[in-house]
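Next come two complexes, and both contain chain A; in the first it sits with chain B, in the second with chain C.
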Partner chain A sequence: MIEINNMKFPLDRKYYKKHGNHIWLKEEGGILRIGMDSFLTENAGYLSYITIDNRKLSQGEAIGSFESAKFVSKFYSPISGKVVSVNEDVLNDPIKVNKDPYNAWIVEIEPENLDKDLQSDDIVEGEEGIKIWIESEIIRLDCDAPKQS
Partner chain B sequence: MPQNSPEYLQTSTAAAMTMKLLPGRFFRGARLNALNLLLTYEDGCKANCSYCGLSKARDVDEEDRTFIRVDWPSYQIDEIIKRTNEHGKHLQRLCVSMITHPRAFEDMCWVMKKFKDETDLLISGLISPTMIKDKKSIERIRISGADMVGIAIDTVTPELFEEHRGKGVKGPHKWDHYWEVVKWCVEVFGRGNVGVHLIVGLGETEREMIESIQRAEDLGAKTHLFSFFPEGGSKLEKHVQPSYGRYRRVQLARYIINGGLGSLNNMKFNEKGQVIEFGVDLNKIIQDGEAFMTSGCAGKNGKVACNRPFGNERPSRPIRNFPFLPDEQDIKLIKEQLADYSL
Partner chain C sequence: MEQELDLDYCKKHKIGYFRRETGGGTVFLDKYQIFYQVIIRRDNPLTPRNNQAFFEKFLKPVVRVLSGFGLQGNFVPINDIIVGQKKISGNGGGEIGDCKVLVGNLLLDFNFTKIANILNVPNKEFRNRVLESMRKNMTTIKNELGLIPSQREIKDALISEYEKSLGPLTPAKITDDIWSAMDELDRKFSTKKWLFQKVPKRSGRDIKIREGIMIIYRSFESHNRRYDIIFELEDEKIRDIDVVSTSGTTLPNKALMNSLIGIVFEEKEVLNIINELHRKQDK
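On to the complex of A and B.
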């Protein structure tokens, strides 16, 4: 786990950054779990809605959207494949993503071409890679450090 | 522990985000230019307005109690002042809102004075006329540091006022007194420094709404427009929002009347009370887009400071009050909306 500006990033998973995404992905038994990282939750605010609009996905295609009181955006798939499971618990109470972003997974995807997809320059992993990416995101969005909770 | 004003104040979600008390940023890079603070008491507001999130009759758990669509978390006043000075360099104005409560008037004056002494912000008071008995009280508000005041009349006919705020909901408010207080406020604060809040979508016609905007203008008060949003658990939770066409036409009429570009007398209406002619050349006004921006109290630069980003709609829906100048795509959509006369 590394911490940047009070935001935590576990090192046991990869991250997807295309389109300004802040999606984490973690493989478990051949299935990819997808969720949102703490940079996203800090910048979007407390989530009120998450929708899943697409279940057959190409890499970089929108899975669905998320919305807070004052912000809305799509989120995109880091890999090609099909959605095999949706975390209804989180969809019914999206603030769980803010409370525990790395356990509140959103969908599980059965990958089609995982090895190729993971070669993408938009996949980030490892302490150094995550640090460079998040620091550039802080500059891009002109963020202050979130408050300590 | 009870969190009562004046030691504690509720802030809008947007204000709490701006002060970095809540996480989040605004869609499309919007920025809040005025802080909205609400007095808060354990025993709540004594009024019962049908559409209001603060209504004592509202059937909702405390943690789900929204007001104007969003949560209003409470913070200590000293923390708000500290955060305002740390993170609010761009802020232009602060608005302290009374609720209908016996302590609210004195507490509002105390809060205003404290912010006047400890921040650089211009100050507005959103007053509850039911708690104001005479013109001297309005003078007290001015002396406490406010340079502008707002009065939420909200509904635009005596009948609708009774239905939604008066006898119809066993509420304490009186239509005639609200307008009397508007007159007192104009006498104390001067023409153009008083805002009458009106909510589009509470059962009125466009004509009735525009008549009220003209009435306020003739008295020396500007209109700050809101679009009805159904608060869960309120009496009107199933009431639909006004159509975009209706809201856009009222925005346009308000801009024309408050900007001195025209008046009600030059406007024409159809049999449904919908405005069909505005009596001025609309092309440039619509293309400029300012008519569709949020109306509210102005800041030091003379532009609207109280811009309330996404206050009347979810950010995933088309914007009703633009917190920034609409762009070309927005104007294209606004033109389509203006042409929609379906009810």
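On to the complex of A and C.
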């Protein structure tokens, strides 16, 4: 586990950053669990809805959407495959993702081409890689912040 | 859809309804509002990736428009614009395709009773509380100025202020390709699957009036009694309550009010307080 600006990132999983996403993925018994990382939950505010739109996915395709702070965002699949399970408990109470992002998984995907998908430049793993990525995200957020006039 | 709207009322009064792709909750649209949309590519350097910064950047022009009409508007995060302490513009946003989208309205005049009737609510007491809170916490250009400037004047002011943020804007023609894409989307967004997308059923009802002000409804079971309570929250703290129905011999309203008003609303905490009051009463 590493901690950056009070945000925690377990090292037992990989992360997916395409389109500014903050998705974690963890393999368990040939199935990949997908959830949202603490950078997203810290910065997006409380999640009010999560919907799952697609069951058969290519890497980078939208799995579904979530609403937080009156803004609906898409979240994208880090791998190609088929959604085999949805965490209804989290869909019924999305704030669970804010409270415990690394246990509140959202979907499980049966991968189609895992080895190839994990070669993507949008997959981040390991202490050094995560640190560089998150620090650049923090700089980007600071740049976004409206300037006082 | 049925969780949000009283569909029978809408049908009876010939009010159409649709579900949009962006966030921001239920919005009533009529000719007494000016609507604006900002649709900008995510990879445009002018587009903040942070959503709050996105709202703030693209709502500044609307605040300047109000100022041009002599109204001191203020942006209140996440995405309200207020005059005094009252909301005059509501907004929502979302990602659609490769773009980020802001949708919003400026209230010229507003039929508060109509919107209160359109909403699906647990009972008439809740509806009345929503109506009362909207009247207290929302305003319109007509209320503030005593008149409504021409829509053309407001639209021109919006275009001019958005040009200051985005650069020169060029009027575009809606081509045949765009019309046919719109027809295709119309078909998609008219399907029952889209309109009545299944969402988890939530207990109670929450309606946000403006940033910081919520009216919520919850039921509690304590010592074999049931309490249905309307809470008015201000910045998450309980500002007022209305016990609308109970069963069995229940606690006096005054005891509930004294114990609940002023605390931060959390269902578990409210239930703990009700349980504690019962324990004291039963002694």
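Note that the second predicted complex is superposed on the first by the 141 of 149 C-alpha atoms of A that agree within 3 Å, B and C clash if a C-alpha of one lies under 4 Å from a C-alpha of the other, contacts with A are read in each partner's own complex, and residues count from 1 in each chain.
Everything below uses one rule, namely that a contact is a pair of C-beta atoms (placed from the backbone, for glycine too) under 8 Å apart; a residue touches a chain by one contact, two chains touch by 3 or more.
Being a predicted model, the structure only gives us computed values, none of them experimental.
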Under the superposition described at the top, does placing chain B and chain C together on chain A give a clash or a fit? clash
Going by the contact rule set out at the top, does A:106 touch chain B (first), chain C (second), both, or neither? neither
Should A:36 be classified as contacting the first partner (chain B), the second (chain C), both, or neither? neither
Check the residue A:63 against both partner chains and state whether it touches chain B (first), chain C (second), both, or neither. neither
For A:45, is the partner it touches chain B (first), chain C (second), both, or none of the two (neither)? both
Tell me which partner A:19 touches in the superposition: chain B (first), chain C (second), both or neither. second
Is A:71 in contact with chain B, with chain C, with both, or with neither (first, second, both, neither)? both
Pick one for A:130: touches chain B only (first), chain C only (second), both, or neither. neither
Looking at the overlay, does A:91 come into contact with chain B only (first), chain C only (second), both, or neither? second
First, second, both or neither for A:140, with chain B first and chain C second: second
Identify which of the listed stretches of chain C (27-35, 171-179 or 189-197) has C-alpha atoms clashing with chain B after the superposition. 27-35
Which chain A residues lie in the overlap of the chain B contact set and the chain C contact set? 43-45, 49, 65, 67-73, 141, 144, 146
Per the touch rule, the chain A residues reaching chain C in their complex are 19-20, 43-45, 49, 51, 65, 67-74, 88, 91-93, 140-141, 144-146
In the complex, go through chain A and note every residue touching chain B. 41-46, 48-49, 65, 67-73, 98, 141, 144, 146-147
Which positions of chain B touch chain A when the two form their complex? 13-14, 17, 20-27, 30, 69-71, 87, 309-310, 314-316
Which stretch or stretches of chain C touch chain A in the complex? 21-25, 42, 48-57, 78-79, 91-95, 197, 199-200
